[in-house]
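Next, two complexes with subunit A in common: one pairs it with subunit B, the other with subunit C.
Moving on to the complex of A and B:
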């Protein structure tokens, strides 16, 4: 068996009665950009902190190149980390902040000077070496923190919501920087965020966390097009969930019946649900179309919102549930509030969850 | 606002008067003493008939006064150093620790501040009597450390609470041992708090008289004890001179502290 670069094996962490991380297992190949995505309190940080060594796991193991790192204290793990909050050493200049990890490693003055210079170039802050942290913007501080964390060539870089304190525009700017730095250095990155757009933009793969467990690991496309659970379907991308009165499962497909009697065949089934029964159908707002031939799900238009490039239309089903559609404004010209119409979509673009 | 300064009208004058009165009440005795110390009258007549510095000459000629000042400085510096050191350890426990009874411990650390000084003085005198520490420098330093410690704890806890632990964590991940991280990152970051703690506990020791009277021996006296002793013998302008120097030194320390603090803040 070839050993995986980084493996998290049945990791568990409890605080009293609270299970913060519950049986989390992950295999991370070298050089991957893996993001932990999940709502607040889902155990993302706790998993990251176990890697950093701040939190001793209650059970499980973490192996780097096949060897467990759990008995190694934090300062000897040689792991890089960028925190959510600004953590530059306030009494040291930018140069000295980046030099700090090299000084505690007793590197020579000339090596340190060269390395700091290279790092400042990497994060595009040449000429800022003499600045004090208090005189940097939030984005600049996080870039220096990134330079400091990469200065000692860590095998793994941990980032815990490093951009959450920045405004949207700056965040997007630095996301591009982070991607470039990942490509230039080839460092393995474990990144935490609860912003799905950020996760989709940055990651090779995404691990979706919920209640201390990983619901699904995969590329952004996989999560979006083939969500394994109802939670993932609702968390990644926009979604509608429609009540299902009955589903007849045949293999990987189901034939479903809505409460108003409308039926839909060939719906993909997920999460190993094999038994037939009730449940929910997830369909993305952009998969919906207004039908022209009167087939499909009968609905009534409630509201139309013009958003420039696109418009959204809010409908109500016969059994009173809301469902919304997003499309180019030209495609929904005939939708006016109060109008009755029919919605259709490719059955394979919707998903049934028991 | 309910009470707007500008809308107070005539009351404003009253406010000014009260403020002025309070300032005078606080300052006049000090100015009075300083003036008397430069007055020529043996019997502290005010206003002084003429001005002289002879009481200062007399003061500096008497080795007992000098000795007392030296003792005060020694006790002050040592107990300040000890207060800051112990206060630092206690603050880490109070801010970072999560053990049962933390709140009680915090309250306990602050009791010397609220306990009547005379009660503490009698208690520590009785204790030191048993272990033979009365009249020794060590005894003085321990007693004054107890008094300065709560102020050191308050100053250091405040600055440690304002310091983000993640910064220390970052230093540890950078490869610094937990102790190294504290010495190289946390302490420099809270230096203002440490400095305030030192100044506070020094000044508390510097002008403390009640406990010091109990700790003192004829050969080991702090300046306030010497002033108190001299007062009971006779009312000489030399005492006014000594008091003036005591106050002047306190003012110098405070001014220096303010200066250094503003430098550190830059």
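Moving on to the complex of A and C:
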């Protein structure tokens, strides 16, 4: 049997009566960029900390190249990590920060100098070696932290919301840097974030965490176009949820009826629902169109927001639920607050959750 | 722009100057600076004008011995308190706040207990028929009682205990201010406990250790009560010697000279500390 590079096997962590991580299993191939995405308290950081060795799991196992690492203390795991907070050693220069893991490993002075130079080039901070951390910007500090974590060629790099303290523009800049560094080094990265856009931008695959469990693992496209659960549908991408009064399931598809009597056939079924019943329909704001022939869901325009490239329109259904669409401004010219109109969408682009 | 605002807000407060500090300065001038000057004056005028008091102080082997004892005891006490205080401060910083408060209360209460009572308690513990000697003899570890009191060993033990809080408190404050994830980062970089301590915790807590160590060293140089009670007549320390010169021998000139040497040495050490650690903060 082929041993997986990194496997997390039925990992569980409890704090008293609180279950922080509940039966999490994951297989990670070498060189993958895998993101743990979830709201705070969903167990994603706890899982990462178990990998780092800061938190001992209550049950389960973590294996690297087939061998369990749980009994190995943090300092012998040879794992790299970039933290949420700035953790550069404040008394050491940039050069000495990156050299730290190499000095601890008693490498020769010439090896250390060469490696630090290569790392500074990798994170594009040539010439910053003599600076002290206090004289660097937040983005530069995190890049040095990245260089320090990669200096000893770790098999796995953990990143715990490393960009959450930076502003949006800088964040996007460093996201591009991280992607480039991942491609150049081929290191396996486990990345924790609560920002779905960041997850989509960076990752090969995303594991969506909620209440200590993994709801779904897949590529960004899979999560977006084929969410396994209502939670994933709501967390990845923008979404509308509409009340469903009745649904008749036939195989993988359902015919649903809204509270106002409007029906929609051929809707994909999710969340393991097989029986018919009520539930919710999820449809993305950009899947919605204003109908020209009077068919579709009758709604009333509540508000129109101009956003440059696109506009968003907020509607109210006959039973008082809000629903919004996003489209090119030219396509929704005739929408004015108070106007009555109809919304239509491709049924296969919406998802019914029981 | 914000910097300009700060400067504008600050300047009037600075401009108000030393007004509020005048009473304290008067007090210092009246009860500290003037007496120190009169001390200096007496050391070079009694019994006659000249530096012969200082000459006698440095030339007489008995006095040199006292200086040596004093510096040795102060050095050992400072070193031992630092060695004991590091693990204590470290544990205090990482243990749950509730437990840390309890330990801190114990340390503070011991610090606030009357100095004489604590010193006498050490006499009871350390004397020939004291708790420590009888226990060790019962265990068969020693056949003769150890001489733990009325000598410099007793002084060192007693003073180490009394000085401990003065190192633990500043050290605890600096260690607590260190972000725990800095140490986690050190661990993931491959630093075991000793390496993390030597390369990260020690340099980051050095200012606290220096402040505490300086306080202990300076206090130890001029300490009177504990050396007087736990020490022996043949192994005097500086403060005892000054007291004896002034009280018993009524030799104000020599006593003043000794006191003044102590003051100069203390100031020199403080200047060194400011030079290397930016002073006590």
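Everything that follows uses one rule, which is that the second predicted complex is superposed on the first by the 354 of 354 C-alpha atoms of A that agree within 3 Å, B and C clash if a C-alpha of one lies under 4 Å from a C-alpha of the other, contacts with A are read in each partner's own complex, and residues count from 1 in each chain.
The criterion applied here is as follows: a residue touches a chain if its C-beta (ideal position, glycine included) is under 8 Å from a C-beta of that chain, and two chains touch if they have at least 3 such contacts.
As the structure is a prediction and not an experimental result, all values here were calculated from the model.
**Q** Should subunit B and subunit C be called a clash or a fit once both complexes are overlaid on subunit A?
**A** With subunit A as the common anchor, subunit B and subunit C collide in the superposed model.
**Q** In the overlay, answer first, second, both or neither for which of subunit B and subunit C A:152 touches.
**A** In the superposed model, A:152 contacts both subunit B and subunit C.
**Q** Is A:105 in contact with subunit B, with subunit C, with both, or with neither (first, second, both, neither)?
**A** both
**Q** With the two structures laid over each other on chain A, which partner does A:270 touch: subunit B (first), subunit C (second), both, or neither?
**A** Touch partners of A:270: none, neither subunit B nor subunit C.
**Q** Applying the document's definition of touch, where does A:171 land relative to subunit B and subunit C: first, second, both, or neither?
**A** It touches nothing on subunit B or subunit C.
**Q** First (subunit B), second (subunit C), both or neither: which does A:91 touch?
**A** both
**Q** Does subunit B (first) or subunit C (second) touch A:80, or do both, or does neither?
**A** Both subunit B and subunit C are touched by A:80.
**Q** Which residues form the common part of the subunit A surface touched by subunit B and by subunit C?
**A** After superposing on chain A, subunit A residues 52, 54, 74-81, 83-85, 87, 89-91, 100-101, 104-105, 145, 148-149, 152 contact both subunit B and subunit C.
**Q** Name, in rising order, each residue of subunit B that touches subunit A in their complex.
**A** Contacts found on subunit B: 164, 166-167, 169-178, 180-181, 184-185, 188-189, 191.
**Q** List the residues on subunit A that touch subunit C in their complex, please.
**A** 52-54, 73-81, 83-85, 87, 89-91, 100-101, 103-105, 145, 148-149, 152
**Q** For the complex, give me every residue of subunit C touching subunit A.
**A** These residues of subunit C touch subunit A: 179, 181-182, 184-192, 195-196, 199-200, 203-204.
**Q** With touch defined as at the start, can you tell me which subunit A residues reach subunit B in the complex?
**A** 52, 54, 74-81, 83-91, 100-101, 104-105, 145, 148-149, 152
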